[in-house]
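Here the chain labels run A, B, C and D in written order, and each chain numbers its own residues starting at 1.
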């Protein structure tokens, strides 16, 4: 048998970020940390209770030295309980799972990473990985949020300015540009876009907007879905894909074919109609 | 003491009484790297229909207290692709594989059973006459005793191995449906399929599932499923495969004590892919603790 | 904005749509020191039978995942003692009190309704035709549309105020029973009563309830109850009082959006005696958040 | 309105006893601590989850300075989770509720307190209260358990030897007498029993045994029942009482008429038949 599929792991730290509704959680994950790739998710439960029942997916936001990092926003049952746990407390973790951002193939002239809200969580990890593996000549990281406090890891991103271009946007203009991360992206794209590769993560309205920017724009997006199993079995987490002309509806599993998809493969009209 | 966990369902000998349920274990290959499949009692594959089905629109999953609703909609590759693409792997496994068959009309059930009949690697057939998640998903056969009996009778000659009929709990009198399946020639009944439920996203004011209604599974339904098994065990002589919310060996023991001969693990495999093996280990420890040499001695023991 | 929470059930105006359920709030006096009773929409008292009943043997309670089983067995003081000993206190309360009536025969229901008829302090009657916990506890009236219609029709003239029929969810087609109650003259239906369940103590190998079967309530059943309300709302024109697992204002909103006019809090009062008030406060906040001036605008809004 | 019926309280300490399956939990309970009487229970939930759902009753084992103490044994869902909580963690507590041991009326010549297993938890509190209120001329505390390690608070009890007679029994003879707490009690009763008052708490087989010792022996026992509400409403926690001759079954609520009952009022044959 390969490594145990799920295991009890310990919390190393669990600290609020500049907006305390967002927290950064470090987990002592042993060997699992070494395998993690940007765009993958870990699937987390609280041990010892049946409520919440199902695991919850969180993007890997960093990995190294036997530790995994995630950033989470407090929105409901599990994330609220998570916020109350202290170092030493146990979690039941499965993964990392899923297909992340492309980490082989041609080197991009310019990789532009764009994240909205907690969607920015995996992108600093991705930027570092692209740099280590020399997958892009130039790397830009664009982060958007409602307010300055919700901009993820602003200072950490700015500290990497020697190799990482950064751009920030807030809905209320409290930091960076007033507007969205897509506005930042479009401004960057007004240069001739040859060799550009976009990697995005964020709410589905943002990702759908990205799909409309330019038909052939090479863009990978990390999408969300309501997961049952997180291992490709239940068919619960599916996203509508652009069907073959006149063909039946087609679905792909976020947990298995994704979470990272070619933005143009997803049927965004169907996503919107289904309020995903 | 190493307790004897083996049981018999029709002509099928199972080394352990813990199965994995249809729709919650895919076609088993997904689990092959995660779980020692040889430790399972039997594998029941995702429902198979005549033609492939793409399933329902998302969202298809909603969590509820200690349970989950699903409306997958019998998404599956269809019987021909099942035979061509899935069966070769399943055939290599050291445990019995049970094909779960679903359909819209009696003819469709017959056609699928006919195509599967006598294929190597199929140890038995489970008729899903209880799927709440598709229009004409067979649930009408599961709520009407006469229809349940007829469909069983018609499929019976097409199935060489054990024929199991999977019952819907969404009825006033599940014992009557079980008796009908028995009269129709079933070797066993399995219960329960999911309970019909719904949930609403109050912020968007829309149903949480694209189909409004879905099937409730998981620990929340366990007391309802145990009651169904108790009722059916009082009504039929054929063996019962009990399921609904089993997560631990003790949960499984509840079903056995209520009258089930075997049990099946569904939703729990989503929490832990090896859940069925954990249930088996837990059952074994339970038998040791109870100083009971054979699981068969416990079947229905709470009814005394 | 202070949203308008008032609703109407038959001829009864309720200041808020949040009731407390029969059997989970005693005769209200138990709560008078713990809860501001004046903030409740209405109080439904424990089921009343013709003669006093001592109830079932213990154990009567077993916990299950996110739910509980009970088999109290309609323990109550009987209608005469209710009138003599309980009603005087209830009469002093500033909120409507609804008497819940149960029995074994149609005649017993009629007799209890007759004794309660026209008493000051009784705003309405709820017929419990759905108690799973006593032999002949009325559940047969709740599973057969013709019987449900007849008992409603017979009690109708004996009840001056609103007549509410409380439905059992343990049926194949709850909408059919609801239509029968409507035809019989009910002003409203309330649903759901508990789901039939069982649990077994695996260490002693005995049922956890003295009666083997009991009624499942609590959050575990909420998705099943919401589904029942959705089905019934599509079948009848009379108002629905929705219940089953409500703990928060959002839970209550699910029932309203599914088609209920009012809701009722049961098991949650055991977790927090003031749960119904917390639900009311939560509903009020929800309406503010949704920018909705009146709760009545949300009734059935998810069905659009 | 009177004080809020249930409230969030904080754990002050949560330490294992000599057998780590038993733990002593101190709660910062504010005003509720002042009202607590020996034999009463607090009704406890874990906030933020629906599993476990219902509150669980635990005897008050000590009260003072705004703190309440309970002693619990790890047996299932809630007690296991409780064992993992640290100081500062929150509980949802209702109570103290119920009728405790008699704290008025005649002074006893000799109060004998007998506890088995975690049943000894409320008895040191009771002994101190009887002494403070001068309700007994002489006080004996008898504690029984399976093994020496499971004897509750042995050292603390022995430290009170200036005013408190103590006796210990273990099933395996690893400390004190080999035998049960009832054996100890019967030895004490062989003195003329006039003015004796027995207060007991423990498993129902022990309490049933106490009922058989001597027909008229004045004995109060704290009984258990599966509680739904803990406030007298649901009729879930009832115990069978000795019925009137030829009369119907009679029940009393553990949470409301009890938990402390006259040992002779309980129908022990019915308790046994119902495996309570």
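Points to keep in mind about this one:
Please note the rule applied: a residue touches a chain if its C-beta (ideal position, glycine included) is under 8 Å from a C-beta of that chain, and two chains touch if they have at least 3 such contacts.
It should be emphasised that the depicted structure is a prediction, and the values quoted were computed from it without experimental measurement.
Where touching is counted per the definition, the chains common to chain A and chain D are B, C. Chain pairs A-C and A-B differ in how many C-beta pairs are in contact, and the one with more is A-B.
Put simply, the C-alpha centre of chain A and that of chain C have 46 angstrom between them. If you average the Cα atoms of chain C and of chain D, the two centres end up 36 Å apart. Note: centroid distance chain B to chain C, computed from Cα atoms, is 34 Å. Residues of chain D in contact with at least two other chains: 50-51.
Multi-chain contact residues of chain C, defined as those touching 2 or more other chains: 62, 65-67, 206, 218-219. Taken pairwise by the contact criterion, the protein chains are fully connected, each one touching every other. Residues of chain D that touch chain A in their complex: 48-51, 77, 80-81, 84, 86, 89-90.
Listed in rising order, the residues of chain B touching chain C in the complex are 62, 64-67, 69, 143, 170-172, 195-200, 202-203, 205-207, 212-213, 216, 218-224, 226-227, 230, 245, 250, 253-254, 257-258, 286, 290, 298, 301-302.
Every residue of chain A that touches chain C in the complex is listed here, in rising order: 50-51.
Chain D contributes residues 1-2, 4-6, 45, 50-55, 94, 225-240, 248-251, 270, 274-276 to its touches with chain C in the complex.
Of all the residues in chain B, the ones that touch chain D in their complex are 65-66, 219.
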